[in-house]
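Below: a set of structures, written as structure tokens.
Both of the next two complexes hold subunit A, though its partner changes from subunit B to subunit C.
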Partner chain A sequence: MATVALPAATPRLRSGPVEWLRSCAVMARWQLASLRLFIPMLAAVEVLAGVGFVLGFGLFFTSRVPATSVVYCATGVPVITLYIVGLVFLPQVVGMQKLAHTYEFLQSEPVPRSAGFVSWYAMNLLVGVPGMVASLIAGWLRFGVSLHVSAAVIPATLLVCLTSSAIGFAMGHAVAVPMVSNVLAQVLNFVAIGFSPIAMPAGQLPDWLASLNRGLPFGSMGTIMRSALGVATPDSVPGAYALLAGWTCAGLLLAAVAVMRRG
Partner chain B sequence: MTSVNGPAAGVALPKQAAEEVGTPVTATWTGSGLRLCVTDLRKTYKRGGVVANDGITLEVAPGEVYGLLGPNGAGKTTLVKQVIGLLKPTSGTIHLGPHDLVAHPSVARQLCSYLPQAPLPIDALHADEAIELTGLIRGGEAATVRRRTGELIEALQLDSWRRSLGTRLSGGVRRLVGFAMVTVSPGAVVILDEPTNDVDPLRRRLLWNEIRRLGERGCGVVLVTHNVLEAEKAVDRLAIIDHGRLLAEGTPSSFKVESRDQLRLHLMLRPDAPDPEMPGLVIRSSRTGNNLVAVIPEADAAVAIAWARNLVDAGTAEEYGLGATTLEDAYIKLTGRASLDGENGGS
Partner chain C sequence: MNVQAVVTAPPPRLSLPVRGGPLGWLRSYGLMLRFDLSSYRQWLPMVVALQILMGAAMAIIYGLYVPHLPRTGLLYIVSGAPALALLPLGLILVPSLISSQRTAGTFDFIWSLPVSRAAQVASSLTITTLIALPGIVVTLVLATWRYGVPLSVSPMVVPAFLLTALMAASVGTALAHLVANPVVINLITNILVFVVLLFSPIAFPLSQFPTWLADIHEGLPLYHMAVVIRASLTTGLVSGVATSYLVLGAWTLAGWIAVAWVTGRRG
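Up next is the complex of A and B:
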């Protein structure tokens, strides 16, 4: 029988920013390791979907694709590849954890709840950014779109991922029934792709839908990304940043209430 | 354990279980630590209004292995989920040393380790990686965690699966890896919900050794189980809970004081045999499947054996065994139901 040297029976209580950063780092390691079977596949799907969306977009048109549509496609598809992990995949994984009864173990881990979110955010970036880059390259090659990538692409990318992660995290944790959160995520994705001014100008939408979209985050995601890629946009860029910040705060607030709720 | 076997092979599962569990526990912790105090804990679920805990009060000392026994739905898991901070009590208090765990669930998560009954999320993790990462999440120093991971793998004889992914582990091995995950950097209180589920007898014994070692090093161990025979040998004290209430609490021996002059007669009935008519000497009896257990006065042992032999000769029973009363008998008396062991044919 091996002799196992145990640490002290009374562990010290941990708090403060250094411990928080440590918790974030180790939770990110856990997240990446736990999803290592999915991450390469998911990243590949993101790249293929981004490229496929751009190439397939041209097939909607029998003649030359209008210049405006080309620009919206080339700048909108990267946004879709960025938000899809946080908005769709994240609540699905949380739902799977609930169905597999592993959720409670993860909730009992002695780390700040925010560390769990940060680890998800890191994974969203890791999986989403390659797809975003691939779709930008595909847009340039397919349509010859000339984009001017500015430094603002960094905060735009970070914020799109942050907003989608916050909303997805909130849905995953706040909605008790996994099936409901999964359907909700799919509906949001459907609305974002087909009925929001991400990959099309708001002017092409019915007035009521354009008005509705002014309060939703999807159009603003497109606005800040187009601005960062050097495309003139009719919408206020600071306003779009502010709206996304608001959605991020709302998502994080709802998520905080959900993960700290005790039945 | 005294055991007198009938004509067929002996049905002495208590002895077998005793061998699995090993020698009885003696807590050796004499240092300081945090005492878990649960006072008048009540939990009523809002949905359905089910009263899961109804005024439970108990204490677990540092270094003590404390068993929570009770049938399914008794309220054991609800109780420990409140300790770990996953559920909020309707009323009552939970303190660990000076810390109010109800008011500060994040402190509860840091000071308590919890092995739930449900599977752990390790499908994509290597066994040693899962243990090590959990140790780091629990705040352990990297070098200490790595060393103790290796030691736990050796102690639980998991070396063959050290680099196996969770998807390739059997249920029992996954359970042992889960145990190692929650004890690699143990809290002041370690809560283990059915830790031996699916574990083979050999490694079950190793697991009990490690559980006792946690106690010896000053951890309070709360062991949730409905396996009474194992608990009898493994815990320092125990509580029997049913319908959300704490029915009795004490050492395993104290539960058997009342029945020191009694014996338990175990009969393995033939499948589908009707309940035999009980002789007047039987104090109480219970049947689970084909297992019939009757508690009899020690003075009437000869008469009881003759009755049992007649049942075997008549073809009503296949075999019988006579032994000292166990905690199981006290459990049946208190809850009116056999434990898991009874269901599995223990006597």
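Up next is the complex of A and C:
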């Protein structure tokens, strides 16, 4: 009777920074491939929404648009285009994955769960930045706002996108019912556009709403972007960075608890 | 037992009533109304909540973005609020209700029922029109309370609310039937609602628009919804109400024709 030697199983331990980077790259490729139909459409919608918001803004006013409103519109709309993918689209897609049961499959992949977040973050930047640039150009063309783009625009853009991705990621993973996270995302979007000092000065809000916003991340997103674009802000810029970092950590922590849970 | 007798006995006569004529149609309509009422009942709180969110919140947001509005401007916002609350019904709720029926297979089940499809559509339109009314009223009350401008409500408020709600429901149904892919519907409505709500001549006058955009809005139903509702809530603010009723009627009819064309197809 012939005996066949079995090939020795050499399990490769998948850990260490190199492996983590590899996992991130693999997950980013996965993300790009699974959303390939959505990404161009989403980027186009972002550009249209950003430019549309800037151009439509003037319609609200019977006569000349006040100078303050112009500056806040030109510097606030880019922030809206940046956060919307992370805050609104991300939880919806995670919800869709839960309904379609691809969620469990993705969670079973032999990659660190943090790689999933990094790939999302990369995608959010990819989709959000063109919209941001387009809305900045639209603001400049429509209202002739002279903004001084400084190098701080890079950390500001990265952080706005990171905070919104972390919050969206936490909502998508921690909220069990997809319908609830969907509604929550839409409501947050409404609050951010309509009731927070992103595209309007805090002075135009009722006092209670303005003080509530001091704890929410939206106003700070506007603050760091405005300061990076050379506009004087009434709020402390380092304070705004710190608040956003706090929200990012809280979001990631919540998401980590949700995705690391077993059973 | 005489087996032979059983086998040769004539089969029992099936007495199937013919379900035709206006009476049969009315009976089908009544049955479908009961069916739809019980299936839409669970949606009612969500519909009202979304309408208030879209309508009343939107009305408040305008006031935040544009500080120091004159009284006419406030009146425009308040009297536009009901139309703002109706848009999500036609653009989001009705299409997503129908597309969820499509995904769940309820849609095929309803079509297989032995009632005329016209009765099915009529019943669903009746329910979606009526479902809109509480949300509109609450929105109007909230907006009036926020801005404190007195309205002069005329009896024309009844036809104005009913026609605009019916128009929104009809166009929403047509939209849901014409686009086969629910994901596409979702995407279209998400884009539409943002552009439409914020930058439509509902909460501020059409004269603030560039001419070309104003011309486009003359043919679309949004501006005319705001006109008929505003005419029933204020005096001396709008003119050309008859034209607006005609345009809305035409859009309603167009919605019905589109739905009839889709539902009349077999297979």
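The definition used in the following text is that the second predicted complex is superposed on the first by the 253 of 263 C-alpha atoms of A that agree within 3 Å, B and C clash if a C-alpha of one lies under 4 Å from a C-alpha of the other, contacts with A are read in each partner's own complex, and residues count from 1 in each chain.
Just so it is clear, a contact is a pair of C-beta atoms (placed from the backbone, for glycine too) under 8 Å apart; a residue touches a chain by one contact, two chains touch by 3 or more.
This is a predicted model, so every value here is computed, not measured.
Touch criterion met: A:200 reaches subunit C, while subunit B stays clear of it.
With both structures placed on the common chain, the touch criterion links A:35 to subunit B but leaves subunit C unconnected. In the superposition on chain A, A:27 makes contact with subunit B only, while subunit C stays out of contact range. In the superposition on chain A, A:133 contacts neither subunit B nor subunit C. Note on subunit A: of its two partners subunit C and subunit B, the one contacting more of its residues is B.
Residue contacts after overlaying the shared chain place A:212 against neither subunit B nor subunit C.
With both structures placed on the common chain, the touch criterion links A:104 to subunit B but leaves subunit C unconnected.
Taken together, the two complexes place no residue of subunit A in contact with both subunit B and subunit C.
Subunit A meets subunit C in the complex at residues 41, 45, 48-49, 52-53, 56, 59-62, 69, 187, 190, 193-195, 199-200, 204-205.
In the complex of the two chains, the subunit C residues touching subunit A come out as 53, 57-58, 60-62, 64-67, 73, 187, 191, 194-195, 198-199, 204, 208-209. Subunit B contributes residues 29, 31-34, 45-46, 62-63, 81, 84-88, 97, 105-107, 109-111, 114, 116, 118-125, 129, 133-134, 136-140, 144, 147-148, 151-152, 154-155, 185-188, 206, 209-210, 213-214, 217-219 to its touches with subunit A in the complex. Residues of subunit A touching subunit B in their complex: 1-14, 19, 23, 26-27, 29-30, 33-38, 97, 100-102, 104-112, 260, 262-263.
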